Every structure is written in C-alpha cells, then in structure tokens.
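Take a look at the structures below.
Next, two complexes with chain A in common: one pairs it with chain B, the other with chain C.
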Partner chain A sequence: MAEEGVSADSEVLERDRCPTGIEGLDNILNGGIPRGNTILFTGSCGTGKTTLSLEYLVHGALAGENCLFVSVTEASEKLMKNVIPYDFFDESLIKKGKLVFVDMPIIYERLGMTEMELSMEDVEALVRALGNLVDELSIKRLVIDSVTSVCYRLKTEEKIRNFILKVGKALSDRGCTSLLISEISPSAERYSLYGVEEAIADGIVLMGNLERRGDLLRTLQVVKMRGTNHSRAKYVLDLTPAGILLVPLLKGGSTGGN
Partner chain B sequence: MVDSVSFGIPALDKAIMDGIPKGYTVLCIGMPGAGVELFAKRFASAGAKNENVTYFSTSERDDDVLNTMKDFGWSTDMKIVNIGTMYYEKVLARHLDVSKYRHEGLSMMDIRQFKSRKSEEPEEFTTNFLTTLTYEVSKLSPPFRIVLDSLNFFLEYYPHDEVLSALRTIKAHTQHNEGVALVTLVKGVLDSRTESGIEEIVDAIIELERQRDGYEFKRNLLIRKVRNHPEKTGILAYTIDDKGISAKGV
Partner chain C sequence: MPKSPSKLADELSELPPSAIALSIRDETYFDAIRGVVDRFATKKDLNTIYISAAIPSQSIIDVLKILEIDMGRIYFVDSVSHTMMSASKKVDNVLLVESSTMLENIMLKVDYLMKKGGDKGNVILLDSINALAIHNSPKILSEFVHILINNLRAKNAYILIFSIEGFSSDEINNMMSFVCDLTLDMNEEDD
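The block that comes next holds the complex of A and B.
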C-alpha cells in the first residue's frame, strides 16, 4: 500500500490513503484522500478542476491502479488530448486499459435515457451501470466530470440526494476513491449548484480564482475531508507541464496549513 | 369516360367505375379477421403488370407478404417498403437492448460497440417513420399504385393530426400524378373524430364486414363512399377461398 507522505503528528486513527500524486495536495491531506471517499471538487470554470482530476488519475494509473474518467459534457477523445502534454504522462496507460475514458451520453443512450429529466428508476440504473464498469475494470479511482451536468438532468433535490448517496456508496463499497467535479458560479456562496451534493460528499475541495496585483491566480482549499486531519488554508495552484504545483497563499503573514 | 385501374376483384371493379379511378385514394376498413390485409395484397398484385407498385408493410415481414401473394398465384412484382421491420430494428430492438442493459448490467464492450456503430449510422435514432413514409411516396413517379397496410401503426405512434396531414400529402401526390392509393385501417380502435377525419380525406371507402350466420360467417363488402358518386355505394357479398377474394352482388 502506498502510504508515503503521511504526517507523523497525525493523531486520528489513520485510514488507508489514496495518494493523489499531487505533492502539495497530499501534504495538505496528510498523505492523500482516505480510500473509498467520494470528494466534491468544486469551482467555477477555468479553475483547473478537470486538469487536477486527470492528473489524479494519471498518477493512479502510473502506480498500477485502474482509473476511469466519466466525461459528461465533453467528448472523451478531446479530453484525452489534454493529458498528453504532461511530462509524466505515458500514452500506453490508455492502451493497456489502466486509464479508461467513458462518455456518459453513451451510458445514457444504452440505458434508454432519452428524456431530459431522469426518473428515480433511471438513477438506480445509472448507479448500477457505473458499478458494473467499476467491477468489470477493477477501477480504484474514478472521476465524474461533471456531476453538476448529471444533477441538471435529475432536477429535484430528492433525486440528486439519492444519486450522490447511491453513487458514493456503490463506489466506496468497491474500494474506489472518487472525485465528483462540481461547477459553481464564481459568486456562489455554496460549494455546489444544488446545495445537496456538498452535504453528502465525504470531502469538499474548493477551487477558485483570485485576482492579485493584476494577476489571476488559481486557488485550492480543502474545506472538508472525512477521515483525516487537513489544512483548511488557501493554496495557490500552478499548472505546469510537470503537473500541478501548490504553494501556500501568503496573506498578512499567515500561511495557514499545519 | 373515367380512366380506371382494377381492384383485382372483377365484381368490385364493375360496381364502382370499371375499377378505381386514377388519382383516387381508397380506404379499406374492417374488423380483424375480415380480410383487410388480404384485400390490400390483392389490390397491390392487380397493379403489378402495368404500374409501379409500392407496398408499405407495418406488421408483416417481406416474406410474409410475398408468400401470401404467391400462395394465391398473384404477381409479386412490386417494391416492399417495410416500415415494421425498420421500426423493429431501430426502435424495438433498441428497447430490448435497454432492458438487457438495465437488468444484466453494462460492460465496456457495450460502450465500445456503440462508439463504432454510431460513426457508421449517425441518424439511427432520429428516424421519424411518418416522414419516411411520405418521403418514399414523394419519390414515386406515375403510373404508380401505393398500398399502405396499415394506417393504425402510424396512428399508434404519432399524433393523429400529423398522420392525417401525412395522409393528405399522400392523397395529393396520388391525385396530381394520377396514381392510386389504398390505405387500410382496423375498425373500432380509433376515436370517431380521427376516423371521420380519415374518411373525409379519402375518395372511396370499402368496408369488409364479417357476420356470424349460424355455423358460418357471412361476408359483406360495403362500398360506403365513392366521391361524387353516391349512387355507386352499395353492398356486395364476398368470399375468401384458396383462389383469393371474389365478390358478387346481393
């Protein structure tokens, strides 16, 4: 088991970790995301959610875990091209089936979900289908980009709650550590568009934009993470060909972090 | 003198205007078991020699249509457009797939198969069969004979006003090109407004009626409407045997 980066001073009973492979984030999380957690990665557009989630999967695949990216809004072929510029990306991961991309619209179509609004029965079928794929491919890391687009078709709070709970449980039961990408408007005062997702997820990572001295910085902040101690400070996120770099956002001398 | 073509049933030809006047759209209506489908096949075969015949089938396979005609010794020289088969392949088979995926689960193979198929047939799931019908009819050049068996299929899946509109299109094309058309309809399953709407559009109505008479069925062919010729309406008796359909005055 990969356990590197676990903080020595952590006093909670440590759960097995799923290291994101993003050094700064693993430090914030005392070694990684507690395995089996379903985390909401939330932020407005251009904050790096998709990039971060892809990097999380690539690191997992490089470490030998099978990873699945479920693309809801964008064709996965187009997305695949986005991961190629990384220095550490190895194209054979896709060929070997370590990193698999699936388009959610195909799942919708296969399950006969032609109506814009999905029913409760559709929710069950959708969760079951995701579980089938996770089982078949022995997936240990999964990303749904974005869960907001799925919620858009669920419409009611009850169905959204049901979907997030069931998908979280189905993935957790299979030992799968999952990132649900959530889109919010820059001015939103909550962490998810429907307000339900954030209450149910095991963790919330908020990604944002911050204007400072004429520059638009990307920021990341772990708001909540069940099963681990973590810093709640805001970090600056830098997208580089070597991957995501995180540095503490210095404000008034406080660096936050632990 | 009206220019007519044969129904394939001499007594019926004689009773109307030596056949069906060119440009006419005829409705054949009857309860299940009355012989409406067989009437449609006889009508189609009767035009095979001199006209371009297109037979639109909604509930039988091509072989069922052709074999029935062969059994009675009728000509099968016609084009069959099988809306029923298309509907099965594009809609019903898909429903079967959906229930399979929902019950047995979804695999990566199912997802990959979709990808390769989708690139080959991009319009697969957007077919409107009513549009297919009118498009196929619009391509026909005279002299032509159209058989549509049956209208009930379209009335079941599409809004009734759209079906009536399609029927008007078929009728107009038939009228302007001096072709002939026969559409069949099962009696008693539609609301009276739709049925009246259809009866109003067509130029002639033939109803096949089967009544129990002791230990046998008595069959009557009712000529219920002949446009502008109410004197031609009347009742014939008809029989169905291994030679086909024959009628005589009562």
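The block that comes next holds the complex of A and C.
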C-alpha cells in the first residue's frame, strides 16, 4: 500500500503543468493545470468565467503558445469589446495568430448543421472539425464558451456524454489543455446543467457569487483536478486590469455551509 | 510633547519591513499620518497604500493638500465613501470598496495596487483597526489582519495599523499584540 502511495505522489509530481498565468490559481493548483487536461469552469452569470478563460489564453499566447477561443454564445468581436483592458494584453497576439477567436455558429454553418438538434453524426463531425482546427493552428490552449450552449443542441444525455468524451480525448491527444465553460443557475446543486459534463471532465472549478450580510463576493473553488494536489478551499476573486487576483475567503469563525 | 512626524519617521526607518501597531489619539492623528505618508515614505522611497476605513479618502486628500504633501505616490483603498453614498466622483488614485465588511476586497485592492506599483517598495497604512471593528466581528477581523500581515510580510512591505487609544477592546489589543511585530506609541513624549 505504501508503494502505491509513493507512486501516486510521484505521478502527481511528474505531470507537466500548463500555468494559467493567474498567480493565485496557479498557487491553488500547485503550479498550474496538468497539461492535456480538460477542465470544466462552471458557475452562474457574472462570476468571471469568460474573463478568467480569456486571461488564461492571453498568458498562454504571451508565453508563445497558440491559443484558441471558441465562442458559442456571442460574437467574438462583441466579446472583445467587453473584456477588461488588461495591462499585459498585446493586440499583436491576435495579428500574429497566437490568439485566435472562432465563432461556433460559423463552424455549424460550414458543417451544414442547420437543424436545431444535432445528430450523433453531427457530434462526430463537430469533434473532428475542432480537432482539425487544433492541428492546423498548432493549438496548445483552447476554450469553449460555453459548452452548455453546445449541449443545448445535443438534447440527449447520450449525445452530450459522447461529445464531451470525444472532444476531451481529441484535445488531450493533441496535448491541448482545454477549458470548457459551463453555465449553471445560482441555486443548482450540481456542477453542470446536464450533470454529464462534470463526471467526464478532468477537473472542475466552481465559480460563484457568495452573499454575506448583503455583500456579494465573487468566489472560486477547485473541486476536482486530476493529476495534481490542490487546495479545495474557497477564494474571493477580483477582476482587475492586472488580471484576476485571489485571496482566501475569510471564515470569521463561521461554520455555515456557504 | 507627543512624538513628532520626523521622530516617528526616524524610528520606522531603523526597522526592517515589519507590521507595526501605532497607538494614536485625536490630537496626534494628523502628525502620525504625516510621519508615515510623507516623512517615512519619502525617506525610504516607498509607495503608500492608505486603507481609509475611518473617514473618506477625500477628507484625507484635502488635509494632505493643505499640508502640501506630494500625492504622486499615495494611493487609497477607501471602504467608507461607498457606504456613505458619497462616491459619485471617480478619483485616479482612489479605489473604492463597497463596504468595510468586504475585507477580502480590501486585501484584493491592496494586492492590485502593489502589482501596479511594480518593483517599488510599499508602506501600507490601515486607518484604523477601531473603525473596522465597528463593522466586523473580532473573529473575522483577526483573521483579516493575520492574513493581510502575512501576505504583506512575504512581499517585504511595511504595514502600519492605527489603533486609537481608549477605543480598543481587550480582544482587539490582544490580537494586535499577537499579529504585529511591535507597537509604537505616537502619544509618548519625545526624549
């Protein structure tokens, strides 16, 4: 048993990391996301999921990695206008092709997916198209915002499971470290809308709005992350031009569930 | 005679980056501010991050202007103005926190200002522990001060915490003695 423990620890230590560039998050994750993992970033609206995922890509692009943002819910042009003007953001990253934005509706259109409900064949084609994009552009970091909107067109649990499994494998096989953004309602008792995504992802990061005595705090908690030891505590975050900053949530002697 | 601003600055200058509780009275309040944000910060070439929890930052800024203190390297984290609904005007060197109960956000704003300041050293002035104690329980306040001080220590910053004589409970005084490296008394007579 002791040997098993040692080997498990060694495996944890040996995994190559993909630093998010967000200092607080990298500290929580002991250096970053294990490379090749597919992580579900989940939370209700206004919790900072999109901002965090964009910062992850910007840091990757600045470090010389090719990064891809697949926007499902809104046009990437509009998205860029609403993003915090980071002090460290360099527009030439987009011109040089280090940071690429693709709108999912354009992929649907090119693949001839006009029906609202996608078939199992469509799922295969979609995963293949994403894999090809990753190959062509030598992508090392990818974000799909949001996977919930893709799942909305899949309808059945079987197709959702199939999509998440296949897309996760396709990206991981290509050494791509991916964030799947998932939307849940504030009162949800699970980590994803369909309950399938959370079971398949390599990691789950829960983002939320915590109300405490009338104050609303943005929070982040790493619930699960395969391949690394990590803190499971809740942190408070701030979205600033210097990037996302994190500090521990103060408990103040509270034993409450929130 | 209470301690002069220059004497306070001299005493602080002899210390390595530390957490210092500074005991003050009403009559030594502005001398203490002047000693820290003007004399000491200038002498050590430090940026000042002023956490105003007692009175709005604008009132402090007005006083500093009257005292002809250079405001170029003084930044405020203001947790009072929002609560008073008097934060309509955006001021460049002031970051607002919605309320004095949002202690995590105070830490985050300090962190942000330190990042923005780059390699420059920092002195963080918390004005005051008593004002924060009005809005927060001793337990959460102790946790806040403990984390704040340790975080700033790791970044080699000076932190000064104003404690107003006669307005602190034993619990707060004990906590301050525990988390701070030393206590200076602004009201103590000069030699």
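What we mean here is this: the second predicted complex is superposed on the first by the 234 of 258 C-alpha atoms of A that agree within 3 Å, B and C clash if a C-alpha of one lies under 4 Å from a C-alpha of the other, contacts with A are read in each partner's own complex, and residues count from 1 in each chain.
Here, contacts are C-beta pairs under 8 Å (C-beta built on N, C-alpha and C of every residue); 3 or more make two chains touch, one makes a residue touch a chain.
What you are looking at is a predicted structure, and each value in this text was computed from that prediction instead of being measured.
Participant: For A:Leu133, using the defined touch cut-off, is the partner it touches chain B, chain C, both, or neither? Pick first, second, both or neither.
Facilitator: Touch status of A:Leu133: first partner only.
Participant: Is A:Pro248 contacted by the first partner chain B, the second partner chain C, both or neither?
Facilitator: second
Participant: Looking at the overlay, what does A:Arg232 touch: chain B (first), chain C (second), both, or neither?
Facilitator: It touches nothing on chain B or chain C.
Participant: Contacts for A:Thr240 in the overlay, against chain B (first) and chain C (second): which applies, first, second, both or neither?
Facilitator: It touches chain C, and chain B stays clear.
Participant: According to the contact criterion defined above, which of chain B and chain C contacts more residues of chain A?
Facilitator: For chain A, the partner with the higher number of touched residues is C.
Participant: Would you sort A:Arg213 into first (chain B), second (chain C), both or neither based on which partner it touches?
Facilitator: After superposing on A, A:Arg213 lies in contact with chain C but is clear of chain B.
Participant: Examine A:Lys96 and indicate which partner it touches, taking first as chain B and second as chain C; both and neither are also allowed.
Facilitator: Neither partner.
Participant: Considering only the defined contacts, which chain A positions touch chain C in the complex?
Facilitator: The touching residues are 87, 212-215, 217, 236-238, 240, 242, 245-253.
Participant: Would you mind writing out the residues of chain C in touch with chain A in their complex?
Facilitator: Residues in contact with chain A: 98-99, 101-105, 107-109, 111-112, 115-116, 136-137, 139-140, 143-144, 147, 151.
Participant: For the complex, give me every residue of chain A touching chain B.
Facilitator: Spelled out, the residues of chain A in touch with chain B are 100, 102-103, 106-107, 109-112, 125, 128-129, 132-133, 136-137.
Participant: Looking at the complex, which residues from chain B come into contact with chain A?
Facilitator: Counting only chain B, the residues touching chain A are 94-95, 97-98, 101-102, 105-108, 110-111, 114-115, 125.
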